[in-house]
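Look for chain A in each of the two complexes below; its partner is chain B in the first and chain C in the second.
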Partner chain A sequence: MDIFDAAISSLTLLLTYDVMLMLFIGVIYGLCVGLMPGLGGIVAIALLLPFTMGFGVIPTLALLLGAHIATIWGGSVTSILFNVPGAAKSLALVFDGHPMTRNGEASRALGASAMAALLGGIIGAIFLALSIPLVRPVMLSIGPSEYLILALWGLSIIATFSDGSMLKGGVATCLGMMAAFVGMDPITGTPRFWMDSIYLLDGIYFPVAMIGLFAISEMIKLYVKQTSFVERVEGRETSTLLSGCKDAFKHWWLVIRSSLLGLWIGVLPGIGASVGGIAAYAQAVQTSKNPEKFGKGAVEGVIAPDATLGANEGGGLLPTLAFGIPGGESMAILLVAFLSMGIVPGPQMLTTDLDLVFAMVWIIVFANIFTAIIGLAISPKLSKLPRLNPNIMIPIVLSVCLFGAYVTRGYFADMVLAFLFGIFGYYMDKYKFSRANFVIGMVLAEMIERNLHISLGLYGDFFIFTQPVSIILLVLLFITTALSLKRKNNRSKEVNV
Partner chain B sequence: MRKLFLSAIFISSSLLAQDNPINSNALTIIVPNAAGGLMARYARMIEPYLEKYLEMEVNIRIMTGGGNIRGTNFVWFAEPDGATIGFTSIPSLVLAQFSNSPAVQFDIEAFSFLGRVSTEPRVLTTGKQSNIRDANSLLAMDREFIYPSQGTDEDFFTMIVLADALDIKLKPIMGYNGNPDTAMAIIRGDGDGQITSWRASLASINNGDQIPLLNIGSEPYEDFPNVPSVLSYARDDSIEAMTAIVEMLDTHRGFFGPPGLSNETVNYLREKIFLALNDPELKEIARQNALPLVPSHGELEALKINQLVSSESLIMPILESTLDTLR
Partner chain C sequence: MFKLNGENVFILFLIFLSAGYFIGSLSFGPNARLLPLPISLFSLALCVLAMFFKEESEAQTETLYREIKAILLILFFILIIAFIGPSIGSGIFCIFYMLRKQNLNIYRSLAISLSVALFIYYIFYQFLQLTPDSNFQLLF
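This part shows the complex of A and B:
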């Protein structure tokens, strides 16, 4: 079966009443789950799985993939409006999405977010189909030393958030990395910094730390200042959804770059989507003509991570289908669903069962379209929420945050920890230590630790110089970081003049 | 012999109707693993059938934390009234105790083992890029066997004992991000082999990316009956330790109760659990959900654990020497 025939025949399989209904239900459900902080696509699929018995393969895939894709945009909404990352992967959206809300541009941010995710999903799906022959060689050429360089590249953006003092930025990053070291070390399982507490043996749960650092600290700030989220003097929302949608098209090259990055990060099983969002943000900053605007409400800071997340899921499907190796946690649950539906992953998926692969590609495309349409339809109402009176807003957001902190693992201690991180985040913000740097350090620490250890063990002390792909990536890392610092330096000189 | 033993237990359990010795309206099953994970899915699938045979309410309580230790500690300290039991991977508990984790507050020997739900036979595979092609070329290796691993899990400990039993020089590389990452390392040629369940590696084996070397079990795997058992290659003086590890892996997903349960309660729970797991309707649902059931009576599982614990003096020095090197 050739690619074109497979694409057409799978589309006809999809355009039926029951498949579209399942997709619609999945998207609505996914949006609801995504809007709850702490819950993400993995939880959404795991909860749905028992209810899929008895349905056909395509309707089941429509339900599961639809729900999973919609959770991603749901997570972006809470990041943009309330500084609450819906899931770890939506973290990068708080860096510029929430400042846009505070600048009175919530509608524009939501429009840009929905459109970037849609374009990312579609571009990701198209390139997913085109990339099928490339998947194997790329997967085989990227190993631990290359993952290490990618993580270090992610760290290079801390300069962006270190306005005023690089020292404070560095301190915040180090603190984040230290927080990630709490628990069992990923190499030998030896407990460290656990203070004889079984609760800390699992480490600091990342979504709980995020909820505290960004959302609860923001509520404390609102309480202290007694203002609403929106800091503009006029207090009026002047931006529109349409302007956000136009922004996504205006930055078409950024959307394509970020989508391809997301697609390949999804393909590689060693990198999580949370790192993907940060990597997308990093490349947006480093290639921007105005990097100084990032962190203060640059629309590119919303477009890049959303396009990456939109394309990421399609990428995760490839190794899951071709190798039976899931590209991420949610793909691992999908793999269980595939097996229970009698779908056996393997190279034959990319040859004889190509129509099934394309059915999934089309489902991703339609799920992104449904999510964008529903998202854009509800955005005008959503964008008004941050303007609520703080006396109404604080209890609502705090309740949702504490519920989100509790519900994922069922620990009362998670609520306490979220609150402690809230106080910590409030003081970090007050004394200008970047919270973004803290979480970037926290996300990347484990990836750096794991891959540094594996690379040293496999290739020896000078591993970077023995791995050709690593050398290329390292040179790129130096060039992009140097250019970014040079631009920053030039700009501060201009400001001084 | 084992089948005969099981049949005897099954027949006797069917014939003997007992009064419920549990003085409670509800049974709480603690699952120390992640919500939504395989263990939780198994527990929720079995729950209605336990209710059917125990004739009481059954509640599933997910209690993750500390690498399964938090929930297990909870069961350890539970009242021995039969109202609280646990369900998890039994080998992970054994190894948590063997590795002297400071968080462990339980003694595996004192738990009551109430029955196995399922087990997945395991296999040592190698990648196409490696120069190892079969068990004989593995034994003839004159270099270190590079073993990528995600951490100190049961497969890692099995590999340590296996390397000792086969006189292979082992070089573990720790820190991989789960089985998918180790599988890629094998396919890429970074590592020489990995131990997984047959089911997890089946797709890669079928498409030729991985080659099965040794079956980690006493009986041949039905789809690949020609893959030799690890026991047939083990040195004579190490066969006891290797057998104990194979038996330990065989216990896999099972129910366990707190110390101090009365014999009456233990027998009651073992029999009702065994009956529930053999319910034809549950078996069909398990098949549809791709969650295979391989039930085994609690009494047989307890024997396996006792055998393993009695081999502790053989296994511990092997594990400790490797862990010391790593640390």
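This part shows the complex of A and C:
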């Protein structure tokens, strides 16, 4: 089937009353779930699955993908307003989204976030459709040593993140990596640092650590300072949703770059959208004319991760459908849903079943549009929440956060761990050890360790120098690290002058 | 000059943590310690450097009393949840906290606390169909 014919015929399949209704229900449900910390897209889809029996393939896909895409934006909202990443993917939004809220620009941040996610979703879907023939060779050229270098590149951007002392940034990264090594060794299964606790054998569950580090520590901070989240601005909110939407269009080149990055990170299985958001943020910092604004409420720091997250889902669908290799955890659940609907992933999806693939591409586009419209409609109310009195805010947010930690796996011990990470996060923040660096170290450590072991096993001790793609990536890694260090050095010299 | 202030105590804690981690890593096989060993050593070195080459932060020391109170408050909340479950526990915590701070009158405080409890009840018991667990002993 011709690509153009497939695109048109799948659009006609979609423009029916029942599909649009399912998509609308899915988006509303996804936004509700996304606003709950700890309950991400995986929980949203897993809970919907039993209710999809008996529906047709397209309405079911509309319901599931709609819910999945809306949860991502829901996670962005909590990151921006409360410094609580709804899921690992929304982590990068806390770096500048929450400072914008503190500066009295919550509406602008929400507007920019919704519009960037929408544009990212649409650009990602278009490029996804165009890049279907190119995907296979690229996917096959990326092996464990290349994944390792990509993860190391992720670590190198810490030079960009560390706003204060590089030493403290380095300590935070190492501690994050050390936290990730708790549990069984991925290759030999040796239990490490488990302190004879069965709970720790599984390792430290990432969402729980994140709820503690960012949300609970913020509540401790609020209690100690006795001020609301928006402490610097007195009076009314100064920004508008429209200014945020305009920002997304104003930074159109950043949106396109971030969307393409999100798409390709989605295509590569195993990297995950959390790394995508961080990578998008890093490239926004590295390419900005005013990198010193980042971390203090730069709107580009909201636009880049949201555009990437919007585009990432389309990219994640490709390996899931074409090879049956899920691009991430939520794609794994979607894969189960596909199989239960009788959709068998394989290379034929990109040839004979192309109309189904395009139907999914269209669903992603419409889901992004619905999410943006509903999101922008509810944003004026949402943006007032951080101005609430801390004495009302603390018990409610604390209840939701601890509960969020509890329900991620249903373990009471997760709540205790979130509390411990909360204390640790509070003191890290107080003494200027970057919590973001800790989390990046934690996210990338598992990927680095697994791919290092596989590369050593497959290619020997000098594996990097035997793989041409690895050498190219390594050179790029050194160049970008050197550039960002040079920029940081120049900035500190300017500050001293 | 080394001063025993809050920041240095925190860095000392990190030094002990990294040192403990390093010693712990020595007991693993070559594969299991391939990364934890060098990373903990690197962390230890950076912590020691951070101790002596840090810029003075603006951290306030007079907040210690409030910090301990905040930590004890969350601990109290977790204990309530452990004994009476998440929905009733959250409701009781919210009403206790709001009445103590007296920002809202008793009816508003009750209404908010009840809403939180019902919301958590619905999600926990009806939507996710979980039961209060259970796995507390796993941690110890």
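The criterion applied here is as follows: the second predicted complex is superposed on the first by the 494 of 497 C-alpha atoms of A that agree within 3 Å, B and C clash if a C-alpha of one lies under 4 Å from a C-alpha of the other, contacts with A are read in each partner's own complex, and residues count from 1 in each chain.
Everything below uses one rule, namely that contacts are C-beta pairs under 8 Å (C-beta built on N, C-alpha and C of every residue); 3 or more make two chains touch, one makes a residue touch a chain.
Just so it is clear, the structure is predicted and the values come from calculations on it, not from any experiment.
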Which superposed partner A:A482 touches (first chain B, second chain C, both, neither): neither
First (chain B), second (chain C), both or neither touched by A:I472: neither
Contacts of A:L175 with chain B and chain C, given as first, second, both or neither: second
First, second, both or neither for A:P319, with chain B first and chain C second: first
Chain B versus chain C as contact partner of A:L15, first or second or both or neither: neither
Partner chain(s) touched by A:T190 [first = chain B, second = chain C, both, neither]: both
Chain B versus chain C as contact partner of A:G410, first or second or both or neither: both
Which of chain B and chain C A:I373 touches, first, second, both or neither: neither
First, second, both or neither for A:L458, with chain B first and chain C second: first
Where chain A meets both chain C and chain B, residue numbers: 43, 47, 187-188, 190, 198-199, 410-411, 449, 453
Residue numbers on chain A that touch chain B, as the complex places them: 42-43, 46-47, 49-50, 53, 139-140, 143-144, 184, 186-191, 194, 196, 198-199, 201-202, 269-270, 319, 323-327, 332-333, 336, 339-340, 344-348, 408-411, 449-451, 453-454, 457-458
Chain B residues within the chain A interface of the complex: 35-38, 41, 44, 62-67, 69-70, 73, 99, 101-103, 146, 148, 151-152, 171, 173-178, 180-181, 183-185, 187-188, 190, 202-204, 206-207, 209, 288-290, 323, 326-327
Residue ranges of chain C touching chain A (in the complex, touch as defined): 6-7, 10-11, 14, 17-18, 21, 24-25, 28-29, 31-32, 34-36, 39-40, 42-43, 46-47, 49-50, 53-55, 57, 59, 63, 66-67, 69-71, 73-75, 77-78, 81-82, 86, 90, 93-94, 97-98, 101, 103-104, 112-113, 116, 120, 123-124, 127-128, 130, 132-136, 138-140
Interface residues, chain A side, partner chain C - complex: 36, 43, 47, 164-165, 167-168, 170-171, 174-175, 177-178, 181, 185, 187-188, 190, 192-193, 197-200, 216, 219-220, 223-224, 389, 391-392, 394-396, 398-400, 402-403, 406-407, 410-413, 415-417, 419, 422-423, 426-427, 430-432, 445, 448-449, 452-453
